[in-house]
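The letters A, B, C, D, E and F name the chains in turn, as written, and every chain counts its residues from 1.
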Amino acid sequence: MNERNISDFSEGERVVGHFLVQSKQLLTTRAGKPYLNLTLQDKTGRISGKVWDGAAEIHDTFKGNDAIKIDGTVELYNRELQLTIRRLRPSEPDEVDLSDFVARSSHDIDEMFLDIRSLVESIENPHLKALLDAFFEDEDFTEAFKTSSAARNIHHVCIGGLLEHTLSTARLCEYLTTHYEDLDGDLLITMAILHDIGKVKELEITPAINYTEVGNLLGHIVIGIQMVGEKINRLPDFPPQLRTLVEHMILSHHGQSDWGSPRPPMFLEAEVLHRADDMDVKVDIIKRALAEDRDPDSPWTTYHRALERVLYKKPTYETDVSPEESAG
Amino acid sequence: MNERNISDFSEGERVVGHFLVQSKQLLTTRAGKPYLNLTLQDKTGRISGKVWDGAAEIHDTFKGNDAIKIDGTVELYNRELQLTIRRLRPSEPDEVDLSDFVARSSHDIDEMFLDIRSLVESIENPHLKALLDAFFEDEDFTEAFKTSSAARNIHHVCIGGLLEHTLSTARLCEYLTTHYEDLDGDLLITMAILHDIGKVKELEITPAINYTEVGNLLGHIVIGIQMVGEKINRLPDFPPQLRTLVEHMILSHHGQSDWGSPRPPMFLEAEVLHRADDMDVKVDIIKRALAEDRDPDSPWTTYHRALERVLYKKPTYETDVSPEESAG
Amino acid sequence: MNERNISDFSEGERVVGHFLVQSKQLLTTRAGKPYLNLTLQDKTGRISGKVWDGAAEIHDTFKGNDAIKIDGTVELYNRELQLTIRRLRPSEPDEVDLSDFVARSSHDIDEMFLDIRSLVESIENPHLKALLDAFFEDEDFTEAFKTSSAARNIHHVCIGGLLEHTLSTARLCEYLTTHYEDLDGDLLITMAILHDIGKVKELEITPAINYTEVGNLLGHIVIGIQMVGEKINRLPDFPPQLRTLVEHMILSHHGQSDWGSPRPPMFLEAEVLHRADDMDVKVDIIKRALAEDRDPDSPWTTYHRALERVLYKKPTYETDVSPEESAG
Amino acid sequence: MNERNISDFSEGERVVGHFLVQSKQLLTTRAGKPYLNLTLQDKTGRISGKVWDGAAEIHDTFKGNDAIKIDGTVELYNRELQLTIRRLRPSEPDEVDLSDFVARSSHDIDEMFLDIRSLVESIENPHLKALLDAFFEDEDFTEAFKTSSAARNIHHVCIGGLLEHTLSTARLCEYLTTHYEDLDGDLLITMAILHDIGKVKELEITPAINYTEVGNLLGHIVIGIQMVGEKINRLPDFPPQLRTLVEHMILSHHGQSDWGSPRPPMFLEAEVLHRADDMDVKVDIIKRALAEDRDPDSPWTTYHRALERVLYKKPTYETDVSPEESAG
Amino acid sequence: MNERNISDFSEGERVVGHFLVQSKQLLTTRAGKPYLNLTLQDKTGRISGKVWDGAAEIHDTFKGNDAIKIDGTVELYNRELQLTIRRLRPSEPDEVDLSDFVARSSHDIDEMFLDIRSLVESIENPHLKALLDAFFEDEDFTEAFKTSSAARNIHHVCIGGLLEHTLSTARLCEYLTTHYEDLDGDLLITMAILHDIGKVKELEITPAINYTEVGNLLGHIVIGIQMVGEKINRLPDFPPQLRTLVEHMILSHHGQSDWGSPRPPMFLEAEVLHRADDMDVKVDIIKRALAEDRDPDSPWTTYHRALERVLYKKPTYETDVSPEESAG
Amino acid sequence: MNERNISDFSEGERVVGHFLVQSKQLLTTRAGKPYLNLTLQDKTGRISGKVWDGAAEIHDTFKGNDAIKIDGTVELYNRELQLTIRRLRPSEPDEVDLSDFVARSSHDIDEMFLDIRSLVESIENPHLKALLDAFFEDEDFTEAFKTSSAARNIHHVCIGGLLEHTLSTARLCEYLTTHYEDLDGDLLITMAILHDIGKVKELEITPAINYTEVGNLLGHIVIGIQMVGEKINRLPDFPPQLRTLVEHMILSHHGQSDWGSPRPPMFLEAEVLHRADDMDVKVDIIKRALAEDRDPDSPWTTYHRALERVLYKKPTYETDVSPEESAG
């Protein structure tokens, strides 16, 4: 859409392009002159922007979550880049695709989707296969499933994030089926694929990622059980007891009531799904926290509220040296 | 069914009748002679029974949860009554109705049901009225709803217990609609009636009251949401947003995640329903604990695990005496 | 006191009147010129005010919690109203009544008090009646009781708030006496009236509502028990056991140790009082949170720390439409 | 009272004496013959006793908590001593003093009381001294204070236990006044003496140690505040603020709401009192657990519910050996 | 050792062999005759045994945890098998190997050990390889490591249990190294092998599995850190920072302070190790709970205290039926 | 180092001296002119400083934690003092000693150290004495031990803080050895001296007090156990069981797992050490909170996060008045 991404900006360059208005404030200098303080976003990052002239006239022509076209210059201010904006106007609907302003999974969405489809094809239990087919032959669902984020923040927060997390969890479960005896692999892999489907209705990308009303009032666990129920209602031969297993695995996949599951996992596949899901989430949270770290001088990240700890930026240099060299 | 209830037995009387076998053990005297130690139950209580002769031959002719016909004598042993059983045989199916061995609500079930129906008739919101009608015109549902217990133990544990608790909660909500401004009375009363309907599938009376498999794996909250969803699916005009309110009120009626609700009540009617339900449950637990107390010498009940406290058997005599009398 | 309330201000109007100084800061423009940033309050709300001229001279002539008389103009600044103040001086003691700057219950205090007196008259137990009379014939007490707030913030925060909460709780208990059998109505209603009396000494209105020293060090529960004890000491016929019940109901009315009651409610009336009190508090908190919401564009309030949740601004429009209309 | 204490019994000896009936059960041999199974207690311990003859006739002539006079023989049965009782009758009131059946503090009660009195004499603050005098010149109080137990079980469970714990806590506080600067020693020592006085009404020795009704409904913290309040009411010059400090120190001495104090200690003396009290309690609990241990073969005690751990029976032999010896 | 294992006993057969005395009680018949009630154990299970004759003489000739040789008959009593023992004597030390009375891993210990050695060989980091070699070239360690149980009860409770759990965890970590980018596979796999080594000193098999004194006082986490420290002290080139990573991964592998780790995992490999370890433990607990279930009539296991839930014995029959068949 | 300490500054005085840069921000006036906003620190406190001229040129010549030499004037701004800095340059290494910018214990470090040495000399157990000697004859250790802080913030935060806390705890334990019978005084006092030694490696003063990497990853408890282990390894006669007691007392001195001790204190000396340590910490926290209080108008401090409460600034005047005077 734009020639240059925010992550590529350098001091002194002129920028002309469309950006999402992440936030907007009308402030006043002490001399009484109003100015606009904006935060602009594209899919690669965010930058602060100032409009010093005509702020009072402009500031009601657009609002947060709108896209605007700007003409400005990148300047260095107190060690950070910012944009001094000379001109701006709201973008026209046909000029921008709001989803272009949101981060996308670093993995190719279509490839990930094909990988999920391969896993679906590997299921031998006819009922579970039929259930998966009911979802994956439903284009409304697959379209939403491919683009949804896995969370509002915290983990896998991007277009394709749900797909990325689902694929990783399902593959981990596929391995576990070989690692542990006695696991019903078809049930485990099927539910790894379906455990978070309620998120396609729990979250919306507008382009900010947010909870929907139904998402906030019911949560993706209940929504997921409803979605599965609707599909199974159209599969008359689906065994009722298997349906209950399927519903229980969605219900219990957060592990305990404190974390949103009113029932703990009550059989082995449910427990394994919970733990595979949780490991995948925690690994992503930690990687994200390290990637977003901005202070190269400290070996520690800032305190992470969800993890309830600081993380150590483990050095790697010392561990790949042979004893001889380090002794030398 | 029997001429005499267990609660009416007195020392020395001969008893002939059918009783439910609550538990059964084959024991042996030191002299090597086997005897049977039974606990028998009718809807008024339980009594211990011993079979001293022919125990080895008899003990495989029936099992726990069966009904048996006995002929025996009530004896006093160490301050408690017990039955010395001379003869017994399994009851024939046409001799007994297993539900006769279970406690029933002390209130008339049909009258309570009529009272609920009157509350249903008072609902003016056409969608909520239609939803209630969908349930109350469904005979399978009303049959189950009228007989179900409200819990396996703890509170309203009897045939008709669910009905009794539902009616009490709904009436309390009806009052609260007048007590507090700004409450949507139709929504509150409707959901007071429907909040626990999942219990008709969560529990079964066989005649012991127990969780069903689906009850244990999903719980009455999720089952209730599914039941409501099935009815609303057949009401094409039901507003989607109202549906979400209805589902949320079932989901949140336990108040917090620790108590089984993954979402807290997020609007006023949901909060009020939760508190009305909880008050009704706690009042019944306390009354039950006092009624089941067996030690008249102590002003305290035994420790109640669910309440996490002992209860005080508050005296009443002193408070209805006039100052003159007590001074006299 | 003033001709216009803060809640009625509109852009451009001139304001002359007395206001409470809620907070005061001396700041400086970049050009080195000092200015005053005030928050002013009357009983209907708050507004920001700026003094651009003579700030250095004025700012030590009054302090927070003082009243000042101002002459200024209402201006619109960044979507919010603020006062540009040309002149101000401290109010004279005889010009203002500090309590006029504090919110008052929306219900008439004298009417509420009469309603409480009626409830007192309905008590038949002579000891409890004597105890209530001892309080309600004590003018120091009734004066304080009629004006006290029920809390520093959170719920029923206003002059008359304690009275409003007490009346609502007592009436709810009056209803519950008819709803549940076996309740000692005299004891329950008496204690509903007395449960929070310690708040008349726990809180003070100066005119900010704050904890007193004794309030913070002992809390209204212990203070309430002391106040009841002093009255009972002058009622020689008061049965000691009834006194203990009375004291226990105050002690346990917060329900559990985490919430400030070292003893849980140990008999039915104590439990019911706790729950009636708690329901009344929670209903008021939710109504307040909805009333104070300032963002009409979102269906959600901001996160409420005491409730530990966001609240949903439930729409009402859809639920009062008949099926025919919505289908049309 | 008796010639021999239970702790001195040896196999084969004949015992004639009075004992407290701690528990009593009427059982039957398989041959149908009833016998009595008793647990008898004196202040040194407990022993099991059997009555094989005439049990049915005897067993209603006395009950638990009564004293009986017995004539029997000590026998060894499965590694434990027990009494075979040939004859028994209820003790006459003038034959026994029930308090003789309860453990007494191993320290001399009168000496401990004198030590407390010395501490009282050391207080220089006239108000606090007057408050202490009000208690220690009240014979009803001193009589109860000298004999009361400090708890029903767990710690300092004996006649004189409250005195022992109070003296130890007060002396520890006396030391801390020298250890830390800035402590108001008069206030700290006074409150160390008074912090648990509510226990004289919370517990009763009948001769089993149990909670009184008022003890269970209010607890010793509230009772203590009431007792202090009654004394201060008769000291017209007592400064109100000092009274609040005194009451707060009783209120907060359990440290946090979970442990029964609705207020945490809010100034230094209150915190120090809480910690001195808690240390004294925990030291006694641990000593008691070690003293009551009955399994010399294990280095571990059984799990202690109040401490939530097992204790290690630390060996001492190895630590008093010099390096030379252990090396030898 | 014996011809027949306890798990193979059938009614009526004569048994001559050595068994471990799990518990022993001297009881008396009502006729006053003493008898012995034993629980005997071999590595396949437990059985109750009675000695009716000569019990008083025999019962001091052996104690719990001893082995005895018995001659007896298997009888059916109240639906369970038990041994009536005619003769018994303590086993001679050369007749039995106490470890034969304890369960062994169902996997071959030498094969598992070879698998661990292969993993060790795959480590390329020379420091970590040197650390592992220091352990695996230490025969005292390898001997203990091969036979140790992984816990006293709960999970992997058998000879070889530690090896089995270690191998499973290490292989899971090996997979995760391929599943997630950015993991230091050498560090992760090394620590998967070493994370629980402290258990070789924390537990002892005597042959009952129990905590050692040092195990109870310090725990396997601290012991493991000490063991690793001793080895590293002899590797002069070992990088100090890598040593800290190694120690931290042992310290944090229980995940949080409540579960025994004073530090949470602070880098990615530590988090992944914690979760791999925890998954392996939980899978074994669930499998064990299902395997030990004794009630085929219920779809539920009994309540599992460590898991804090009941488990569902998930049926499998219905899920392997094709839609056509189930429809037919 | 400087002529005047920050705590002595008064309005209008000129200041020339070296200060530590606690924080530094480059800001811009509305007119576009950059200025520096600094926080400067010496061992007596902190002050804000502004550089209005040449900020852009200067601001990269030094960074946080550097010392600078400044020339400026103290001004009063909005009731607080601040420095207007005319000139500044980085301090030369030989001009300043960074430790001079950090607070020091108010007690003499050498005297405290001598007091600790006296306690060491009083130990009679030869093994414990040898262990203490191993530390106190190790100059690297004693140097670090004398200067270390006891914490990063919260308590005893200063050079010599560890020594001060250790001495106070050890003396309290010395007293407790006389107060309670049955305590092994040598073990208790030895471990009071050694319980926190891990802090010499957990914290560093640079001159800000911060966790080291190993401190954050392992914590002072594990480090302390390692340090003790290294010394004991060189004492071949040290009894292994005594070593375990020593290690356990370090491990358990935080009392419970939530507070960082994976094992609770399992014998009396360990429990007493935990409580003596905790009392000393809490007394210091409370004194610090009162000393740092800045609002003389309120009887309450601000909320203290670690204590989870506000503190009452207890008045003393009223309590030292005799009854006669106060009555007068």
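Here, a residue touches a chain if its C-beta (ideal position, glycine included) is under 8 Å from a C-beta of that chain, and two chains touch if they have at least 3 such contacts.
Quick caveat, the model's predicted, so the values are computed rather than measured.
Counting only chains that touch, the fewest steps needed to get from chain C to chain E is 2. Contact with both chain A and chain C is made by B, F. Repeated interface: A-C and one of D-F, D-E or A-B share more than half of their contact pairs by residue number, and that pair is D-E.
Comparing the residue numbers each copy contributes, chain D and chain F share more than half of them at their mutual interface.
Judged by contacting C-beta pairs, the busier of the interfaces D-E and E-F is E-F. Remark: chain A and chain E have CA centroids separated by 41 Å (rounded to whole angstrom).
The distance from the centre of chain A to the centre of chain D, each centre being the mean of the chain's C-alpha atoms, comes to 61 Å. In terms of their C-alpha centroids, the spacing between chain B and chain E amounts to 43 Å. Residue positions 30, 213, 216-217, 241, 245, 248, 266, 310, 312 of chain E each touch two or more of the other chains. Annotation, chain-chain contacts: A-B, A-C, A-E, A-F, B-C, B-D, B-E, C-D, C-F, D-E, D-F, E-F (touch as defined at the top). Of all residues in chain D, only 213-214, 216-219, 221-222, 225-226, 229, 241, 244-245, 247-248, 251, 257-263, 266 touch chain C in the complex they form. Remark: chain E residues 25-28, 30, 213, 216-217 touch chain D in the complex. Residues 125-128, 130, 168, 171-172, 175, 179-180, 182, 184, 186-187, 236-237, 239, 241-242, 245, 248, 264, 266-269, 271-272, 275-276, 278-279, 282-283, 286-287, 290, 307-316, 318-324, 326-327 of chain E are the ones touching chain A in the complex. Residue ranges on chain F touching chain C, taken from their complex, read 29-31, 77-79, 299-300, 310, 312.
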